[in-house]
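Inspection log for the structure reproduced underneath, given as structure tokens.
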Amino acid sequence: MAKGLKVATIGGGSSYTPELIEGFIKRYDEFPLTELWLVDIEAGKEKLEIVGNLAKRMVEKAGLPIEVHLTLDREVALKDADFVTTQFRVGLLEARAKDERIPLKYDVLGQETNGPGGLFKGLRTIPVIIDICNDMERLCPDAWLINFTNPAGMVTEAVLRYTNIEKVIGLCNVPIGIEMGIAKLLEVEHERVHIDFAGLNHMVYGLDVYLDGVSVKEKVIDMLTNPENTSFVKNVKGLGWEPEFIRGLNALTCPYHNYYYKSREMLEKTKKEAEEKGTRAEVVLQLEKELFELYKDPNLNIKPPQLEERGGAYYSDAAVRLITSIYNDKRDIQPVNTRNNGAIASLPDDSAVEVSCIITKEGPKPISIGDLPVAVRGLVQQIKSFERISAEAAVTGDYDKAVLALSINPLTPSDTIAKQIVDEMMEAHKEHLPQFHQ
Amino acid sequence: MAKGLKVATIGGGSSYTPELIEGFIKRYDEFPLTELWLVDIEAGKEKLEIVGNLAKRMVEKAGLPIEVHLTLDREVALKDADFVTTQFRVGLLEARAKDERIPLKYDVLGQETNGPGGLFKGLRTIPVIIDICNDMERLCPDAWLINFTNPAGMVTEAVLRYTNIEKVIGLCNVPIGIEMGIAKLLEVEHERVHIDFAGLNHMVYGLDVYLDGVSVKEKVIDMLTNPENTSFVKNVKGLGWEPEFIRGLNALTCPYHNYYYKSREMLEKTKKEAEEKGTRAEVVLQLEKELFELYKDPNLNIKPPQLEERGGAYYSDAAVRLITSIYNDKRDIQPVNTRNNGAIASLPDDSAVEVSCIITKEGPKPISIGDLPVAVRGLVQQIKSFERISAEAAVTGDYDKAVLALSINPLTPSDTIAKQIVDEMMEAHKEHLPQFHQ
Amino acid sequence: MAKGLKVATIGGGSSYTPELIEGFIKRYDEFPLTELWLVDIEAGKEKLEIVGNLAKRMVEKAGLPIEVHLTLDREVALKDADFVTTQFRVGLLEARAKDERIPLKYDVLGQETNGPGGLFKGLRTIPVIIDICNDMERLCPDAWLINFTNPAGMVTEAVLRYTNIEKVIGLCNVPIGIEMGIAKLLEVEHERVHIDFAGLNHMVYGLDVYLDGVSVKEKVIDMLTNPENTSFVKNVKGLGWEPEFIRGLNALTCPYHNYYYKSREMLEKTKKEAEEKGTRAEVVLQLEKELFELYKDPNLNIKPPQLEERGGAYYSDAAVRLITSIYNDKRDIQPVNTRNNGAIASLPDDSAVEVSCIITKEGPKPISIGDLPVAVRGLVQQIKSFERISAEAAVTGDYDKAVLALSINPLTPSDTIAKQIVDEMMEAHKEHLPQFHQ
Amino acid sequence: MAKGLKVATIGGGSSYTPELIEGFIKRYDEFPLTELWLVDIEAGKEKLEIVGNLAKRMVEKAGLPIEVHLTLDREVALKDADFVTTQFRVGLLEARAKDERIPLKYDVLGQETNGPGGLFKGLRTIPVIIDICNDMERLCPDAWLINFTNPAGMVTEAVLRYTNIEKVIGLCNVPIGIEMGIAKLLEVEHERVHIDFAGLNHMVYGLDVYLDGVSVKEKVIDMLTNPENTSFVKNVKGLGWEPEFIRGLNALTCPYHNYYYKSREMLEKTKKEAEEKGTRAEVVLQLEKELFELYKDPNLNIKPPQLEERGGAYYSDAAVRLITSIYNDKRDIQPVNTRNNGAIASLPDDSAVEVSCIITKEGPKPISIGDLPVAVRGLVQQIKSFERISAEAAVTGDYDKAVLALSINPLTPSDTIAKQIVDEMMEAHKEHLPQFHQ
């Protein structure tokens, strides 16, 4: 282990980096970071320099002895790291734009994590993650891999199944966002609210919700059936559940559930938005351009407030909170993506799940939830099946498995349409899918 | 137990009855039936008499000492029965026509077993089945209940969960139809083909297929990717799987899988057919009228060949084969709906599954299959979740649960549309849903 | 709920009570107890008064506004209680003496929890606990039942299976004792040591041990193979594991494992001690007499140090620590006996297990451990089988089940000897086993 | 695959061989064996020739075109075999005598399968079986391995876990012996009796027993509580269960259960017999000598009746019945040792269990039994733990694991005695345990 604490951030040129820096600054007392290595690839060099210099100014302003290194050499960055975080995007936002646009042509939602977009993001990303893991095995075998790269569930599954890295955690800001949303709904401090989370990444449910330790689920479900309260989470706006549905379900949903329990409405809304103002990737592309313009300003030495519009709020909090808890063996409870290990009964022990865990120095230990409510087991299994077949396709380059993965996805209306989408996307993303084009 | 063998058939006025009679006649040597009681309700009296008299003529022609009794008194029929078979339809085909028509208005497939139609057929049927079970507990506690009434999986689940009758078997002609279709494809005798079936009713997969005991799955999958071979099962015509999909899946599908893996095409086809020649119920209504005209002919004393167009071929074979195997402790292998008991790993032990079983005098004992292929676990769980929530709604009359059941059904595009369909169907079927209209 | 915090302690006349009082005093800031009701039965009235008056003096000395009530009326004590603790002993120490003496005649260890003694203690205790639970359902349905009464695992199993009380926790001082022993071995503060506990009451294993969050299991196992270090837990002195055995096992044992992994030596030692200085119960009887003499002293207003020789050290800490964590929703980790809920893979979900849990206001939530090491699964299952059949015998009064329970106990060398012991003990404990003597 | 049917029998010089030959002759119509290769090692050459020549005379007398080959070259024998059977004994009966004698010195039962003797038989046998499997992978990858070599459960476990051979079945005559014993008790033909078997090798229970398909368990249990009926199985004589025990258990035991549920009596009996007439191995050694004298007689051309005294009756029937069912895809039910695959709930899916299976051309498929009765789960798990740790020790040569395996065996009274026995036996069997002596 390096003297002092070393973190390597793969995809360091991301527009999210200032949030991460802010997080490290805020928690410096508990996590005295020595070296932060921001790594990126040749194509991202310019952005890396812009955001990296902002990072340096932020650290300087905070008056902290954190060295910020910018590099294109992943091996140097990984060497003896204590934590590796990943926030890269193979093919950049341009690839995401295709993930969203192409399925829409077939009247199918793109959905960048658990839909066709997620499949192709996985096919592009998983081979890279596996490379990183192989490097880590050599260069920093004791490091923790904290993965934010989407589809975070599928990626964590792939790392658990296809690499020797056991110290991997998939992280998402959705659960913390729900908790903050519920706190706002209840008009109380976030700290007073606890939720028992269980499910998969972007397919997570709140099985119970507590205020000061006492279950207030019934009350919250009641409040959620009031249409004025439902849009409590930013980013993906709730479309408003039918009161009968949410009472029958008797669990908290996450914003991504709109894709599955409101597919038709989401498809219409997404098509309309794509037409009127562009897909989400196209909107974000524009936002990012503006952000990087801001980041260039040599007088800027804090995270600019405009970043919050980018989406992904609470990431810094979630990520650095997690790292800090591991480092300090805090044994607090956080929802992360980790090996199931029996915590959720009807999912395999060796699959990745998103579940409330105790965060210890030896990693997250899931709290046993027994089984999911009957009504949600099907959808959760379906996404897990999708994740596993997708990961298998990504690793093997088996085209049949790619078609199968999309055919069994709940957003896809038939095997034929699945094949058509796969074919068009295979071509569109050709350069990032070498395993299928040999 | 009665002297001799007594069978009671609830819904005895069904157009299927001649097949059942044919089955009993064909297997009389092995199953020496003494009394067959055909029971129906007041509204079905006329059909009961027509088909019942045909049954009597068939038995007479066969020269067998089987007494055929026609009655509207269920209790008399059940008293000391050895086997009870159910083939009734609450609300008759007219109700099924609504089950199919109403969802189509919302661009949703009706699907009379695992879709919206199945939900409402379940809501109408389950309370009646529970009544029958309560009667059986009193009048023939040692009898076996052989249920053909659809949705057979949901009904079997409801009997297992909400009654004291343990001797229940759900029966379907789909697996035997697949086996016969595969035999035809391979151009061999049916007896030489064995398939390992596992899944749920109308959601069953062939995990392996054997010719003379040797696996020929690979060969069969290859043949199935030849588009000329795919429409090998009558009734629901296969629309032709993409070769990549079926190779990736590496299992045999059942005809009902078209609803889930070809939803969009099936919706278009169903809408077109409904417009051009009526829904399936409407077509069958006409067929039935013609059948009953035939049945009236006092010279008819065999099952008329036209019955095979009705659908439901092989029912007689499946049903009487099952009864005969139980009676004779044959210990042969048949796919039926029974308590899982651990045979399929990721489904609850106490849920109904459709699986290859050894048929003994003490009932079916499932063959352990380990777990379903990863790719199919999701859809199977989803239908099981749907069956369980639907059964719960049927028993409790909980309107929220009815909306929930339909919202989580894979054919339903949103909770809002689910609610709209539930509302319209609740009204349309009002007289048969007393539990929701008190 | 009562105004203020009310605790009812069944078996309040126990010699342990001063420890409990000390615990409540020590943690008053976190758990502001208002009323403590010490309940006992007529036969224990004298002891109740002696120890109850000491309790009052202790509270007075501490200057705290806690009312201490002494009563023989259980219903008054339970009414609106927030916590109910149980530390009673049906038949008193005299019964325990028989539990120990009688099996020895047959060259069988008595063992008061998981052996023949435990069976009979369970048969005497479980009907009483069920009565208490029935009272609680009526009088304080929201209260937590914290059970210290042995056999705590069997009693917790019985409450979970045969009553409507879900808010039950079985508590034992063994795990905390092991943690303190290991801390001592490592020469560090107790707070720096964490152990992952899993198993059953008095059959619990430490699956991993951490110092400041870092696993030191290997080092601890090494230290334990040094014979000088093995007697690290008081009460049941370790007899010294073979280094090969403990390295092969690769887990921490509890003191009670000596009964199973050193049966022959323990039998010889126990027989020798019984002959030379009396059985443990007989020794404790004498100790208790001396303790109660001390307690009578009107000048005594603290827990006398002699109590620690009685055994059961750390009970006060474990019990009040648990109650305080529940009350304050502390979400710290403590090993308790609770419903498994999938935490330990090969034990039933609905059985009681002893496992590290998060302690919340809504009770303990077990941390998922996956499965026990292969080598220990057998013995753990065997004790669980014994606990379940014993509990069934206790509730039903089925004599065959009592013989079966003892026959399958690992300490019993045959069904015939089991029957002989059961017969002699049934007679000896006749007055406390009404369910078997009707 | 060879032209015609080829069987290779490893340990062909065994005294059991004439039974096997008898079996092949009796079932020749169904299983037209072409070549039988009897293989043995140099040390067994003389016996191989004696018994091999008898085999040839038996075949000649039967007038069947089966070639019998005698060889010391295992590779030639295995080449293109269809079935491989194993009945060898590493170290011969002399080693078994040590397995029995040495533990007795420590007042511990030797028990050649699930006790200390079984541990050492496993340590000697498993490396040889793994060699055979490696040969099979090369020389006859499609062959079935039918293993009779004890400890058959541990050996099957080892093959499943540590080789690539999936087509392995462990076979034992205990279940068929129980069925025949029960048939005799009921005074009916064997064919009319069926038993649902579940458990492990030599630790198998009859969960239900049927006469003509109807459960007669209650009646059989009643008959078994009649002491005159209990010694219904030869070989290991039943010592007579207490009626309370067997009624409480409510399942059929196997003869080996005497070692666990009557340990003390069995120990006394075994010590007495060892003293008076020698251990079982010593008795059998004498019997074998006499048998081989008989076998030498050139006029003998049938299985001599004296072989039945040797023990192991029904082996020929069990073995050839199994092979015939596989070859003919008979789909009849037979109890064998195979991969659990979920058939027995609380045992691992990938462990070997002994359970009633459907015997198909693709091997045995276990019938799902749900879970074992609560009372027997512990002992079954304990033996499974013992088998697994023993197999691990055999494969790795890890001395700690060998001590651990014996320490957790229910027949062993302490880790210290386990170590003493292991040490003495390691020395005594030195030449056959190269993995521990390098």
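Order of writing sets the labels: A, B, C and D. Residues in every chain begin at 1.
Definition applied: a contact is a pair of C-beta atoms (placed from the backbone, for glycine too) under 8 Å apart; a residue touches a chain by one contact, two chains touch by 3 or more.
As the structure is a computational prediction, the values presented were derived from the model and not from experiment.
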(request) State the chain with the largest centre-to-centre distance from chain D, centres being mean CA positions. (result) A
(request) Starting from the mean Cα coordinates of chain B and chain D, work out the distance between those two points in Å. (result) 45
(message) Can you compute the centre-to-centre distance for chain A and chain D, using the mean CA position of each chain? Integer Å is fine.
(response) 54
(message) Going by the contact rule already set, what residues in chain C reach two or more other chains?
(response) none
(request) Spell out all pairs of chains that touch, sorted by label. (result) A-B, A-C, B-D, C-D
(message) So in the complex, the part of chain D that touches chain C is made up of which residues?
(response) 241-242, 244-245, 247-249, 261-265, 346, 374-386, 388-389, 398-401, 403-405, 407-408, 410, 413-419
(request) Can you check the complex and tell me which residues of chain D touch chain B? (result) 194, 196, 208, 210, 212-215, 328-329, 331-333, 340-345, 349, 358, 360-362, 365-371
